[in-house]
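Chain IDs A, B, C and D follow the sequence of writing; residue 1 opens each chain.
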Amino acid sequence: MAGQKRSALTRFEKEGGAWWETAISDVAPGRIILRGHRVEDLIGNTSYAGIVALVIADLSLTPRQAQLLEAALVAGVDHGVRAPSIAAARMAATCGIPLNSAVATGMNMLGDDHGGAGEQCMELLHQVVEHSDVNAGARQAVARSLKNGTNLPGFGHQLHKTIDPRRKPLLSLIEDAEARGEIGGRYKSAALALESALSEAKGRSLTMNIDGATAVIYCELGFPALAAKGLFCLSRGVGIVAHALEEMQAGVLIKGPCPPGVDLVRYVGRAAPRNTSGADAASDTQQ
Amino acid sequence: MAGQKRSALTRFEKEGGAWWETAISDVAPGRIILRGHRVEDLIGNTSYAGIVALVIADLSLTPRQAQLLEAALVAGVDHGVRAPSIAAARMAATCGIPLNSAVATGMNMLGDDHGGAGEQCMELLHQVVEHSDVNAGARQAVARSLKNGTNLPGFGHQLHKTIDPRRKPLLSLIEDAEARGEIGGRYKSAALALESALSEAKGRSLTMNIDGATAVIYCELGFPALAAKGLFCLSRGVGIVAHALEEMQAGVLIKGPCPPGVDLVRYVGRAAPRNTSGADAASDTQQ
Amino acid sequence: MAGQKRSALTRFEKEGGAWWETAISDVAPGRIILRGHRVEDLIGNTSYAGIVALVIADLSLTPRQAQLLEAALVAGVDHGVRAPSIAAARMAATCGIPLNSAVATGMNMLGDDHGGAGEQCMELLHQVVEHSDVNAGARQAVARSLKNGTNLPGFGHQLHKTIDPRRKPLLSLIEDAEARGEIGGRYKSAALALESALSEAKGRSLTMNIDGATAVIYCELGFPALAAKGLFCLSRGVGIVAHALEEMQAGVLIKGPCPPGVDLVRYVGRAAPRNTSGADAASDTQQ
Amino acid sequence: MAGQKRSALTRFEKEGGAWWETAISDVAPGRIILRGHRVEDLIGNTSYAGIVALVIADLSLTPRQAQLLEAALVAGVDHGVRAPSIAAARMAATCGIPLNSAVATGMNMLGDDHGGAGEQCMELLHQVVEHSDVNAGARQAVARSLKNGTNLPGFGHQLHKTIDPRRKPLLSLIEDAEARGEIGGRYKSAALALESALSEAKGRSLTMNIDGATAVIYCELGFPALAAKGLFCLSRGVGIVAHALEEMQAGVLIKGPCPPGVDLVRYVGRAAPRNTSGADAASDTQQ
């Protein structure tokens, strides 16, 4: 990775690039241009999903396409306080940092394993659609993942074992959009082929989860896989803000993951020397 | 502040509260409830702005109210690479951290001075509307701020000295919503009264900026002031994601704020001892 | 606060300041100067505590003073997995982000309420030592805090109710240093006076905690109160790194604050609509 | 990566592990045990470097070994305001977030490309020392890196082209420690063999930089490669705290990477529509 990147100096000194070069925005006194549009022309005429597509990936969506993107963003806003991103943001709020820093704390959690399945699923869908026979491509991908002992990103869910409740409404919107010609449907077909191949190989139903269904939408609309974590930040960000704010308003102080009385913590290190100074009791606690 | 918060233990041990208690979401196998709504009923039926209002502040907006909120979120998405939040996220992207961590880096910047004017302006608007005579309340607030030597949060702009280009389209949408009875208009009146009082006191036109105009919208829709930084995170977050992604795709390595050749850095510390080991040259640079 | 800060532009355009101006370091090809010292003269000759004092606060400590600072940094390195800073860093490590980002997640937690007592205690000690009669000053400070219903920062501990085990060894080192003339002892006297006044007012022994004892050391050595959170970052940072690394090496995936089976989570929001889609069961869980 | 990690639930429900399990610390009322030592026995008797080794990697260093580690930590504390980690922390400080959050902002930058060379170099040194002939192993590693077009992590420096000023004093301390039998010297030999092989292959002198020299020390003392980024956080953290604090004390507001007048920013996106609303001027700026 490191070897493939050029030095910032190389681009600046030898290739004539500016130090800060962007195709996203042009800001000057009285002027804010975003991807070639004046901000005053966007306000009121573009939805949030529309501006997300325009600014992040230079995509000009139709209103219906924007609604499809919006549904994907809405679907992932929250998954309860046991999600580490939500819990960390709530704990941060009890430590006395500003709301934006509590949000940053939660965002930082959305890494490869917590928020990365979307990106991996998008890459997988790209592989499958490149195959001349989508079903064969799907079976190969499933076989490869079983051989490596890895999960197929975007399929199955640790909690929602029967089915992820977000799959059906998202898939239904995807099919509507395809029927109207708003999207091509290739990535949807690839995802359904992966569902079949995976369920067959496992001998039980294993269906798309939130990461799989949203990956289909992002692929159909033209987002690059690398954007997936960013889109998830804006989606789950809603829940992160909400939970951090709720905790700030509750007004409690320095809350760790669990209270002292609860038996979830165990010290498995070296035996401590016999305490001669009269320690009080035994339960762990925060501070 | 610290003294006003209760210990988390007090609430848990003495008041019968759960350690993690939330009115936002209820998640179980096959079930995701948000503010009393099943997620499958929200997907496709609620806009991003609608879910923001519902999840963050338990507000059920009409579609037109949601559009007004959406316009506020759209208006603040980006303000160019010289904004520290944007620049920091871009620099992070060149350091080889994941996109979500680059976004967290940018979010962390949206503190009291970079992203806090919205919250302060909402508090100011609440003060003014509580006054029986809004114009008198506005004049008092302006006088207080002049006396303290502080800026009036939400008014004037360092760059857009004549006028913030986002003011007019936002104000126009606010007035439309008021005309349709979607909002009450009290906070809008307060903001206009503050514009007048400030311009009169300063002897030149000083108008609402992006923070002021969005504060009016957030107040009119019923958000608490404390939510403002969170809303700004979701708004500016779009630009933060876009800029970090653009920098990741550019593929340059470890980019600091400015290149070595540019004369923006000055050492003003103690004189260094005479260097006997043959240092090469003089310009500062990044590591 | 905002009103007291100048615009960066004012300093740059009107006062002749450089955009980036520092008295800390001067870096050029073959040259790294820190506070007027060549880095090659510091390596091997200056302890970590010594460089902390030099770089952060431009203090040149004697070796014994540096040892006192070192003891303060050592005392706070860890306080178990229930501390939110430690827990958040561990959760981050299970989400697949790099170690430095997991550390950043933990650092972000050390805000006013979790890591801020040191700074507040330093400010308090400065107030007390300015009083002509330290005991009277201490009694006034205690009375003020009782009247406001706030805790006295740096005194008492939620967990270590009898006594913080770090108080005695730190106080002993402080007294040794005073006996050798390495420090003046004024802040130590102020802290002891506060202990007496507080215990008397409360009718039970309430002694210095880690924040109080380290605040004495930082004050005696000449650090500004504003540096306290930074010093705590470097101290608790050791534990944050250790716990994040242990969790990375354990290799588990996406760990929230508590497992599904444990009854710590409660939904207190609006009743959910009757679920017609056959949700599986009842326990909350992480995503 | 994801596939190799177990679910946290698997360890908890099936393997009898605690949800929070640690060999680092045991905390209870009146008791703080770190790696089997009472904190009161460590305070005053263990240096910062000693506690870093103990807590992070369960290593009990001799005092001289601890001094060697300390020299490595001291060597990397700062590299000027053009380093993105330092610049981001300074910018954060001007945005009005607390010091610890500004520090977190800087820490987040120390990713694979800015702070990752140490870890990569440690892995490289482990590969080379496993070779029966260290010189042959070094030549193979260099050939592999040239073939892949990647830099050899830990060797050469973009700025310090002749030699990194931190190499000589660190190498000298390493050789002293080897002569005294404090370390074995295998990793040092591997690093010197890499220097020779690289310089020969490139036809010019390319020597160890800070990451290479500290990687030798961390390997000789027994740290795992995975700890490298954490150690760098504690080292560079000193400079990050210092610079953020200096910026807070300077009291300027919202400072981006460069001021409006400086020509470092270029918009390369689509042509903006002709502006009919009378924008003032042309230069970009922050907000």
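Here is the rule we go by: contacts are C-beta pairs under 8 Å (C-beta built on N, C-alpha and C of every residue); 3 or more make two chains touch, one makes a residue touch a chain.
Here the structure is a predicted model, which means the values were calculated and not measured.
Engineer: Which chain is most remote from subunit C in terms of Cα centres?
Structural biologist: It is A.
Engineer: How many Å are there between the centre of subunit B and the centre of subunit C, using C-alpha atoms for each centre?
Structural biologist: 27
Engineer: Could you work out how far the Cα centre of subunit A sits from that of subunit C, in whole Å?
Structural biologist: So the centre of subunit A lies 32 Å away from the centre of subunit C.
Engineer: Taking the mean of the C-alpha atoms as each chain's centre, how many Å separate subunit A from subunit B?
Structural biologist: Taking the average C-alpha coordinate of subunit A and of subunit B, the gap between them is 22 Å.
Engineer: Spell out, as numbers or ranges, the residues of subunit D touching 2 or more other chains.
Structural biologist: Those would be 1-2, 4-5, 7, 9, 19-31, 38, 40, 79-82, 87, 94, 96-98, 100-101, 104-105, 108-113, 115-116, 158-162, 165, 253-260, 262, 264-265, 277-280, 284-287.
Engineer: Thinking of each chain as a vertex joined to the chains it touches, would you call that graph a line, ring, star, complete, or other?
Structural biologist: Basically all the chains touch each other, so complete.
Engineer: Give the list of subunit A residues in touch with subunit C in this complex.
Structural biologist: Residue positions touching the partner: 79-85, 87-88, 91-92, 94-97, 101-102, 104-105, 108-116, 158-162, 165, 253-260, 262, 264-265, 277-280, 284-287.
Engineer: Would you pull the subunit D residues touching subunit C in the complex into a rising list?
Structural biologist: It is residues 1-2, 4-13, 19-32, 34, 38-40, 42-44, 46-49, 51-52, 55-56, 67, 70-71, 73-75, 77-82, 87, 90, 94, 96, 98-101, 103-105, 107-112, 115-116, 159-163, 165-166, 168-170, 172-173, 224, 226-227, 229-234, 237-239, 241-246, 248-256, 258-262, 286 of subunit D that touch subunit C.
Engineer: Which subunit D residues qualify as touching subunit A in the complex?
Structural biologist: Contacts found on subunit D: 1-5, 7, 9, 17-31, 33, 35-38, 40-41, 97-98, 100-101, 104, 108, 112-113, 116-117, 120, 145, 148-151, 153, 158, 257-258, 263-273, 275, 277-285, 287.
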